Structure formats: C-alpha cells, structure tokens
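Letters A, B, C and D name the chains as they come in the text, with residue numbers starting at 1 for each one.
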Amino acid sequence: MTAPAIELKGISKAFGPVQANKDISLSVQKGAIHGIVGENGAGKSTLMSILYGFYKADKGEIWINGQQTSIPDSQAAIRAGIGMVHQHFKLVENFTVVENVILGAEDGAMLRPSISKARKVLLDLEQEYGLEVNPDAVIEDLSVGHQQRVEILKQLYREADILILDEPTGVLTPSEADQLFRILGRLKDEGKTIILITHKLREIMDVTDTVSVMRRGEMTATVKTAETSPAGLAELMVGRKVLLEVEKNAATPGEVVLDVKDLRVVDGTGVERLKSISFQIRAGEILGIAGVAGNGQSELLEVLGGMIPATSGSVTLHGQPIDITGRESDGQSRRRRGIGHVPEDRQVEGLIMPYEAWENVAFGYHHDPKYQAGILMNNSAIKADCAEKMERYDVRPPNPRLPARNFSGGNQQKIVVAREMDRHPDLLLVGQPTRGVDIGAIEFIHKQIIALRDAGKAVLLVSVELDEILGLSDRIAVMFDGVISGERLPEDTNEGDLGLLMAGVTERQGAA
Amino acid sequence: MDFITILQLLDSSIRLATPLLLACLAGLFSERAGIFDIGLEGKMLAAAFFSAAIAFTSGSVWVGLLTGVAASVALSGLHGLASITFRGNQLISGVAINFLAAGMTVVIAQTWFSQGGRTPALTGDARFEEIVLPGAASRIRDIAQQSPLGQIYSELISGHSILVYISLLIVPLSWWVLYRTRFGLRLRAVGENPAAVDTAGISVVGLRYAAVIICGVLCGLAGAYLATGLSAGFVKDMSAGRGFIALAALIFAKWRPWHALGACFLFGFLDAAGNRFQNIELLTFLSLTFLLLAAVSAIMLVIRAIMLARGKDTARGLLTPGIALVVSVGLALGLDALDPEAGGIATYLNTFVLPVQFMQALPYILVVVILAGLVGKAIPPRAGGEPYVKER
Amino acid sequence: MDKMPKWADVILIPLISVVLALLASGAVVAFIGESPFEAMRIMIDGAFGSAYGWGYTLFYTTNFIFTGLAVAVAFHARLFNIGGEGQAALGGLGVAMMALYIPWPHWSLALIGCTIAAALFGAAWAAIPAYLQAKRGSHIVITTIMFNFIASALLVYLLVNVFRVEGSMAPETARFAEGTHLPSASTFAGFLGFRPSTPLNVSFFVALAACVAVWLLIWRTRLGYEIRAFGHSETAAVYAGISPVKITMIAMLISGALAGMMAINSVQGEAERLVIDYVQGAGFVGIAVALMGRSHPVGVLLAALLFGALYQGGAELEFEMPAISREMIVVIQALVILFTGALDNMVRMPMEKLFLSLRPRSE
Amino acid sequence: DLGGKFDRSFNESAFNGAERWAEETGGTYREIELQNDAQREQAMRRLAEAGSNPIVMAGFSQASALEVVAPDYPDTTFVIIDGVVDAPNVQSIIFSEHEGSYLVGMMAGLASETGTVSFVGGMDIPLISRFACGYAQGAVAANPDITVIANMTGTTPAAWNDPVRGGELTRGQIGQGSDVVFAAAGGTGLGVLQTAADEGILSIGVDANQNYLHPGSVLTSMMKRVDVAVYNSFSADTIEPGIVVLGLAEDGVGYAMDEFNAELVTEDMIAAVDAAREQIIAGEIAVHNFTEDGSCPVDMQ
C-alpha cells in the first residue's frame, strides 16, 4: 500500500484563548475524496489553512506522500502540489478569468505568452472536465458558480495533486453542485486527492469515500462513508439527534397579505431585472421562490425590502398600497409597515461587521421607540433586548458586546433572524436563510420560519437550495430571467421539474 | 487669441504638467498596489532639495538627480515601513512625511548653506538645460518670428528639459509594465485583493515594497525637475501643493496611466491659462471658455469615435459631444466677432473685468465642474488603504 | 481576547511612542549642534511651565479640537474631508460679517451669533463637495482640496477689495467692536495666573462642549449610529433604510460646521479681526489630530493638546534658541505624528508579545 | 513677517540691518521669527518683558497686534516698518515704494526695445499693488506708448515661494512681448529673475540689491532700505513717535547700481532717472500711491 497523500499528525492551533485545533491527526489516501464535517467554528477551515500554509500550526507535523513536509507559506503548499479553493473566493474581482488563472503561475516576465498558453490549457481543461468559462470574462460579471469554476481551474492549472475545497457548494445551485461533483469524480479518477468540507450531509454521502467529523477543535471520528448514515454523522457533529427533515403541519392560508402586480425593475445600466412580476402571499403561508441566482430574485427582495425603487407596478400590504417608486422606498418605512427582511448576504447587508451584537440587534430598528431615551438612544435597553434575543435564539456565545465579525456564520445568521423575526412582522422576506450555516443552526432557523407561518404571518422565501424550498414552502414559484416561469405546489413537484423551470423550460414535464 | 499664444499656452502646460505627471504616476504605482500615498508632496519636496543641494556641491545635475531620487526613495521606504511592515495608517504616515520633508529640507539647507533654507542658485552643468532640437529656435522671441510649423516645432516639441521627454516616455512604459508584464499583473492584483495574491504564493509585502519604491523614484524625478529643471535651485516649500494636485489628477484619471497623462495635461493647461489670462474682460473670458469647451467636446468626440470603430459604442454616443462641439465653436466665434467698441451688450459685458483671484481660482473651479459633470464615480483599488493582515 | 491590559493600550504605548519621537527629534537637534536636553526642557517648560505657556498651548489646542473633530466626524462616515482649511477660512468670514455688521450688546450674545455664523459658513463650504459626492460620486478628496484653493482666492479677494480698511496696507478687516470681544482666560481664570494678553478665551469651553456633543452624537444618537453604520458598509446602510445621500450630506455639513467654528477662537477670540490666511494649516493639523485620536473625541482632545503643546513649546524653543528655526518645530511635529500615528505598531507588536509572555497561560 | 527670515529681500534686509548694527557697535539684539498669527502679540510681549528696547517689527501684518500691545508697555519704544500704529511709544516707518518703483519703471521703459514691460507680484495685496502701480507709472513716463503687463502668482501664501510659477508667468509675459520684468514676489521672484536670464531679457530685483544674482541680466533692483531703517532705529538715541516716511529724499528707496549691472544701464538712462528722482523729491512729479485710493492711473494688462 502506498503512503497516504496527506497525513497530519497532532496538529494544534490556538488563536489567543481560542483553541481552534486540538491535537488533530488525519490521513487521506491518494485518489480518495475525503469529507470533513462539523459545526460552524469547529475548526475545519483553520485546519485546512494550516495545510495550505496560511496559518502556522503551534504543534504537529504534515506529511505529504510519505514525506514530512514543512509548509511555512502558501508557496510551499503549492510546491507540494496542494491547491485550495477557499470558502470565500480569493479572486481578483476586476480581472479576467485568464488573468486570475495565471496569477502567481506565470511562465515569464511577459504576460502575453503566459496568457496564450493559459488560454490553450483552459480550453483543454474545459474539454477534459466540462469546466466551461469564457477566459476573457471579468470575474465580477460571473455568477458564483462560474467564479468557483475559476477557482478550481486555477488549481488545475497549477497541476495540484491535492485539492482542498472549503464549503464549495454553499453558494451553488443544485445543478451547479451536481456539475461540481461530476468534475470532482473525474479528478479523482485521475488520481487526484480531494478534501471536501461541507455542511451538507447529502453531498458527503454522495461523493466522499471517507469522512471525518470535527467538533470544537477536535477530530471526533473518521469513518468510511459507506459505513455511516446522515443521521449518524449529524449526531456525531452536534452531539445530539438532529432532525434532518423539516417538520410542519399543513398550511391554513388566510386573507391576502402581499399583493404584487406588474412589478418592473430596470437597473442603472438599463437592464430590465424584473419583467412584470405578479403574485400574492396569504397569511399563514410560505411562498418559496426558486431560481438560479441572478434571475431577479435578489431584486425582488430588494424592492420589497425598500433597498431599491421599482420602475413601475404596484404592491399592496393588507390591501394598503406601498409606495415602491417614490420617497417611501426605503428600509425604514418598510419596517414600519411590518415587513421583516432577512437579507441574502448577512455579512455585506444584514450586519455591520465591526458593530457589536447589541448594536446589530437594533440595526434597521434603531428608530424603534423602545430603543430611545429622549433624543439619545437607550443603549442599555438595546443591550438587554439583545441579551434576551440571544438567549431565545440560541446565539453562541451569548455575549452582546462581541463584534459581529467574531461570531461564526451560523450565529451571525441567528442574530439577523432574531432581529427580523422577533417582531412578528406581517410579512417576512427571507433570502438564503441557511447559506453556509451548519445543520444544527439550519434546523433551528427552519423551525423559526415555520413558527412564524403558523402564527399567521406571510413569508416570502428565496433560496437556491431546492431541499429548503421543497421542505419549507407551501407554494413554490420559479423565477427565470426576471419573470415567474412557473408555480407549483411542493407535493406536486420534484427537483427535476423545478430544475427545468429554473432553466426556463416552462412546459410541465410530467411531475411526480 | 493668436496662434502663437495658443502654442505658448500649450508649451507652458507641458512644463507645468510634467511634475504633476511624474508625481501622479508615482501615486499610481503605489495606490495600484493598495498603498495610499498622500505623501507625494513631501517626497517631491525632499527630492527637490537634495537634487539641488547635491547638484550644487557636485556640480553635476545627474549626481543631484540620483541623490534626489534616493532621498525620495528613502521617504518611500519609511512609508513602506510604517504602512506595510508595521501596518500603520497610510494616511497618517503620508501626513507625517509631508511635514517631515517640509521641515527637514529647510533645517538641512540652513545647516549646509546658511541661506535661509535655500540652496544657492544653480548654473551650468548643475542644471537641466532645455534641449534644443536641431533647427529649432529656443528663445520665445525668436520663435515668434518663425512660420507656424516652425513655431510648433520650436515651441512645443523642442526646448524642454530631458526630464519632460523622459516623463512622457514613462506613461507608455507604465502602461506596459502594468498591463503587459507579470509584475504589473501582480501589482494590480495586490491592490485589489492581497489575499488572492497571498494564496497564489506571492509575497504581498515584497510587491508592495516594490510599488512604493517605484513611487519614490518617480516622485524623485518630479522633485528634481522642479528644482533643477524648471527652476535653478531649491526654495523652501517649492512644491507648492503640486503633490496634492497630482493626487487629484490621479483620482481624476481613475488610476490609469494614459488617463493620468490627460488629467495632468488638463490641470497643467488650466494652470497655464490661469497664469496667462489674469485681469481679462468678461467677453474674452466667455469666448475662451467656449473654446475650451469645444476642445473638450472634440476630444470626447474622438474618443467616442474610436470606441464606435471598435464596436464598443453606438452612433448615438457621438451625438452629445458633436452638438456640444458645434454649439461651443459657434458661440466662441460669435463672441469673438463681437466688437466691444460697438456698444450694446458687448460693451456692457466688456466693462466687467474679472478679478485676478477669480482667474487664479478658475482652474480649481473647473476641476470640480469637470469632475462633477463629465467623470463618473472614481472607484479606487479595492484593497487601498488597508494593511494586509494575515494571522500567523 | 485582549492581548494587553487596557492601560497599556491607551497610555503606555502612546507614551513610549512620544518618547521615541522626542528621541528622534533630539537627534535632529543635536545634528544642528544644539543641546537636545536643553531644547526639551525649554519646550516642556514653555508649553506647560507657566500660566502663560498654558494660555497659548490651550489656545492652539482649541483650534485643533475644532478641526480635529471636523475630520473625525466625516471619517466616521468614511468621508475624508481634507477641506478643513477652506471651511475654517469661510467660518472666519462668517464670524467677521457677524461681528462687523451687528452691534452686539454683550459678548455672550456675540459668541452665540458668531458661532452660528461660523458653523453655517463652514457647513456651506462643505455642502457643495458633499452634494457632489452624494449625488455625482465626485471624489470628496479632490473636491475639498479644490475648495481649499477656491476659499483662499475668495478670501484674498474679499479682504483686499471689500473688507480692507481704507488706507491700510494689511488685507484684513477692521477690528471688531468691543461688544464682540470674548473674555480671555485672565477674566475667567485670572486666579490661575493668566494675564490679560492670554489668547486663551472662552471658546475653549465651546471646544470642550463640542467634544462632548460629538461624542454624544456619534455614540449615543440615532444619527451617529447611522453615520457609523454608513461608514462601515454602504450596502448594509441601504438595507437598513439609511439614506447614503442624507448621511453624506449631514456628516459633511457637521464636519464643515466644526471646522468653521475654529474661527470663534482665532478670529473672534484672539485676533478680533479677520486676517488673511488666518487658518495657517490648522485644517491640515486637524487631519493628523483626528487620525492620531482615532476619530474619538477624547483621542482628538488629547492629540489636540499634544499639538497645542508642540506649537507653543516650539515657539518658546525658537525664542530661546536662535539656532532653532521654525522648521525645526515642523520636524518635531512630523516625528510625533510618525511615531505615535503611523509607527504605532512598531511599539505595539513587541509590547503585545511581552504582555502575552508575562501572562500565565490559561488552558 | 511670515515670509521667513531669509527671503532674499524684505525680511533678510531687516536682519542685515540689525547685523550691521551689532557688528559696528558690539550691541546685542534678539530676534523672533514668527510662525503664525497668534505669535505676533506673543513675540512682542516677550521681547518687551525681556527688556528689549527698542523693538522693531517688520511687516504690515504686525500693526494690529502692536495696537494692542504698545499701550501695555509705555516705557518700551516700538518701531513698525510698513505699518502705521498711532501710539505715543510707536514709530511707524513707511516706505514710498511707489516712488522707488517709479524709477525702476522708468528704467524699464527706457531699456525696453519691444515697448512692453511686465511685473510679477506674489499675492494680490495692496502693498504689492503699490509696487506695480508705481512701476507702471514710471514705465509710461519713459515711454507713453508702453504696454505694462502685471501678473500675480497666487492666492495662498505658497505664492511667495513658488519659483516654478514665477518662471512660467515670466515666460508668458515674454510671449506677450515683454523684455523687462520686475519681480516683487519673495522666493517666487528668484524664478522670475532666473527665467529672464535664461530667456535673455532684463529683470529687476526688489527690496535688497539683487543685481548680483544674474550679472548681465538684472537691470537693477528696487531697493527698499529696510536694513537702514532697522540700523537707524537701533542706533538712534531717541526715537520720535509718529510716522516716518522714507522716500527717495530720505534714501529709503532707490535703485541699485553696481558692477553687475553697469553695462546694462546707459548714461542716458541714469540721467533721465536721476532727473525724475529730483523732480519727485522736489514735488514736481507726483507719483500716485495705490493704497491711497485703491486704484491706479495707468492701465495694466
């Protein structure tokens, strides 16, 4: 038997008082796909960053292909044949694909030869793995799925033998994810070793050969995938049994809460983002909006949430019109009207990262009378409110004085959810509520959304996770290219059917 | 306004634009790598002093130039130390460098020369002489006697210091380095997303120091040109805010080399015009304004036309600058044709003499107007101003 | 989480930095052949050794508090206001017009009137760059630099052609009437030894009040909350219903008003007339003060005091040691800014290591 | 004044006067260079309290501060140069710059071959306009058809230290035909004189004798004997309060002749200028003083 491709021995790493990795050992065979799962903050990213030379371990050894290797920096990692696709992409946004690919792997001092060579290699890779991207496209114009392909292409271009992917599917649509896994399969066949970090147990079950579970900085188990089950893994991760299916009662829709008619949005560059959208949501109902990112869902949330004005159309809430094109088009007035909004991107929109938790709990509601003391803000009231919300929404650590950036992704999301749902809005707008969040937190957030529905509120759920859409929604609308390409009932459809609608095919293809 | 006046104006613009251009390109390299630099002014001043001082003592302007560049690079190194190695605030560091240069130059000058913070006047080889190309006249009065083509040749093309020609060459060179070399690619990347550069196994620190050093070299040339090219010796504070104007030009140019040339030339031109036309009558002023507008519209028209030819624009894009060109040329000629002696509105307008202060402020006003009216939002390199922190 | 005790962070490190700056300055003083120790003594004694010294130190401090706060407020909204110089100049114009054209019965009323005028004029001068930034995205750094030049031209024009006293050579306004003269430190604190000539005047208290007001504004009001939120993330601000245009405008108007208010100290309080270029770089020093004070009013106050002391101590140094020119003072200032501001981490990093090694390891 | 001690003209001249006095008499004096406006009063008081007597202040900007300070120190005598303060212990020394400028203007008018002469000032302040206006009158007196171009350098104090712009202004003026340029612009003037020398035209220095800077190019210098005023104040036994006007008659202003410009100035020119000088002293020619009414009888471009 050949030496393992990667062997970690007794790796420890502390950030100040936080012990992110405790005496971790791991061994991955050549040509295997190895999964790592664990809650937010379990230390997965830290471990991989150590392997990639981004952090230096306090203790421990790294062995690559049977040789002890010191990896003081990323350059050493690259030399050792390691490539990493980070959780947050490391791409230069205003560079083209080919520029990003050659960055750091140029052939000489001049760019031209490198670029023309890279073009050729990209073409080969494209044919070999089906990784098609326009080499001259600028990164910021690409969808996240394509951006991720660029990340993978970067590593392949460097001829990495060991590929680390940190939560690669967090931002991908199901079909994009499927495609990614097909590619990973092909890479594996070529003898490349892959480490895959993900929160989605289904993916682990589908593609990995072996899987490790991390918990609070420790490696708690490593098992063969074939010998375990999602429920077993979940229990290992969280330390208790977790419901993987959403549990909910049948909906009892009431009167119409939100009525959207002929909504149109033309953006600053003249592109029509929403083309005459009309739909209704009733009280006690969750309308799920499925669709590939970039087909107008974000704009829909932004218009309803008051972040951008609509070009034309009408929106009424409980029969009362909302001014969507004029002066009232701002987040404050929407909140006053009883619309809560969990935005798609918690770090860029939903939270002010340097603000402490209590300040973030007031964010958007800072005009709320209960937060005021005369002309000043009543900070102690806000802190008290925050402590209470953290308690009820199980935010960890429950410390109102901690800046938002020091919470893990899941807990950041819980802060946003607590803020937006705790006021029992008549209408809740939710975008990607569980993106990059661990299964414990997903379960919790899903329960909250159902609870709000059961309290007779209307919910508009936008998600690229079809599981989530199918599990939570009472009705499903699919958006494609700025229009609603079809509506389904969850019990009346399946992923394949939705996938076609998402691709713009409107005829019904014999749903299950 | 006659032809030779326009030529003289353009000639003056070239001279005034050169230090701006060098400093602007200096800032471009630094800021493209993510290091903001409001210390251009100070580096220019330090280079001006040391180039003049050493040119005087050594008798060779080239030795002076080298020393000036070295002084500027030393300050750049200080800026790098503060903002790259010690991850300090880049703005504070820049402010400190400006103060430091303003004080140090005079203190040292006083210690060395005892002439009140001035260097002795430079003569002969201690100065950059103007290069007179074959067949060109050099003195303004001689040039005025030549044919129009000869005037263009002698006034505009000939008769500048070697540093002017060098700085004009540095523009394409900068473009080439930034967009055509590996170094340039990495430099631009490190200003946009240092983490991407770092994960690619390239040293962020090394790249940023390289950028800052280039910045120092170019600032050094700018300062040396001020003290040994445009004037003959150092006078305290002689950079006179040009570092800040260069910074403005850099933002105006949106951190791109060719645009920097355009922006600096425009600033130089406005400066030259403000110098030349003090105490002018409203009528003349208006006709000049429309002439300038016409020039700007013409440039826009050409740019649009090139874009159209490349298929990056529609024919409609030509409309606005086209109309603006016709209207402004018409108005300029019309106003010029009015006879101020003839009475009526022309005479009335002509009784207003614009105060000299207005003409001196005009370049600055125009910059604001142009910025607000013609140029969209300037987006700086995304990682600019932020030290790159990687926990180890 | 904290790597160091708080006292080390806020007191020890700045102190070490200042000492380093002074050591470097001493080297420069020695370079020109004077005794650094003697120079040091003169500076400290000159700035703090007497009521006379304090009078000048605090007078300069007042100026720098205003311009420092101005930069700091804009900074919280991530706007880099380099226009303090011009806004302060216009503030001076406001004060001059208020003081010259209205017969004030009592200084307290005049102070209120002039403060309002100074703030309004300063704010007005910030308004156009603010509007262009908010609506057109014109870079505020350029526009405020340009507005500094324009302000200077405007003031020269007005002082030479409009306000100049007939027959006088000096481009300055007439002296303001008695009713506008602010009580100097000798009036309200004569018992401390301040003499009538002290430039320190009641506007020092306005400056202190401004510190408190800015602190309240930024950390205790909704507006401050919105300003900071906008400064951290524009997208998030829009999400929360905070209007970028409104915040940009308001933050810059407040900033301009604060810069303008410097005029009540220098123009109304000290010179009692508007002279040409009275700001004399205080707007730029304000940038250093705000940056060093980390945009916090307390930090601004301390940094302003440091610079006030440098100005006054430096003046004394120049009076006492003829070989030391005013540029030497500029060098010392530069070194203080450099060490306390930009090279802060040079001291901090080893200190953090030191404290970490001193601390018994938990876990 | 705030221009700095060694500005090669005004302040330096004052300093030289003091130095001369110190050398000749062995007396000691103290000097204070100002950094900002608030220091004016501070400096005066410090000197007064240190027992200096007399105290000489150079620069019109000192006037308002002195108005406040002088009454507090009745036993100290103050001398202010370029400004007027009405107090029993203050002597105000005023120079008739317009008269001196008139003479160099005449010389420029006589020396000019193109019929155009020019002026570069620092900032547009009354004092500088007084120079410009006197110069223009003199030029017109020498040649009634002459064109006089006048430019200012800037609106910020940087205008006094910007030789680059001074050079550009001069080039512009040469382009408009000027062949004699008079600079009254502090450090900026050095750029003017330099450019004039490079371009082969004549220039005129200011305040101190600047003829030596570019031998063969500096036509003359408009001398303003601040050094004499300072020297006299220090040497005098008693200083009379009131206004002392130093004009041509008192040799307070004048034009400089030495070996550096001997070849540039012809006998005829000297004769004409000296004649005018006599006439001005005699009151036969009245040179208009710009600061009296803020206007100038001669048009400048």
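In the analysis below, contacts are C-beta pairs under 8 Å (C-beta built on N, C-alpha and C of every residue); 3 or more make two chains touch, one makes a residue touch a chain.
A quick note: this is a predicted structure, and the numbers were derived from the prediction, not measured.
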| item | value |
| --- | --- |
| Most contacted chain pair (by C-beta pair count) | B-C |
| Length of the line joining the C-alpha centres of chain A and chain C, rounded to whole Å | 46 |
| Chain B and chain C: spacing of chain centres that average the CA atoms, whole Å | 30 |
| Geometric centre distance via CA averages, chain D-chain A, whole Å | 75 |
| Shared-contact residues (touching 2 or more other chains) in chain D | 5, 124, 155-156 |
| Junction residues of chain A - those touching two or more other chains | none |
| Multi-chain contact residues (two or more partners), chain B | 117, 236, 241, 357, 360-361 |
| In contact (per the touch rule at the top): chain pairs | A-B, A-C, B-C, B-D, C-D |
| Contact set on chain C toward chain A in their complex | 1, 3, 216, 220-222, 225-226, 228-229, 232-233, 235-236, 238-243, 362-363 |
| Complex contacts: residues of chain B adjacent to chain A | 179-186, 188-189, 192-193, 195-202, 382, 390-392 |
| In the complex with chain C, residue positions of chain B that touch it | 78, 81-83, 86-93, 95-100, 102-107, 110-111, 117, 236, 241, 244-245, 247-248, 251-252, 355, 357-358, 360-361, 364-365, 367-368, 371-372, 375-378 |
| Touching residues on chain D, where the partner in the complex is chain C | 5, 30-39, 41-43, 45-46, 60-61, 63-64, 67-69, 72, 82-84, 123-127, 130, 155-157, 291-292, 294 |
| Partner chain D, residues of chain C touching it in the complex | 56, 59-60, 149, 152-153, 155-157, 160-161, 164, 167-172, 175, 196-197, 199, 266, 270-271, 273, 275-278, 280, 311, 314-315, 318-319, 322, 325-326, 329 |
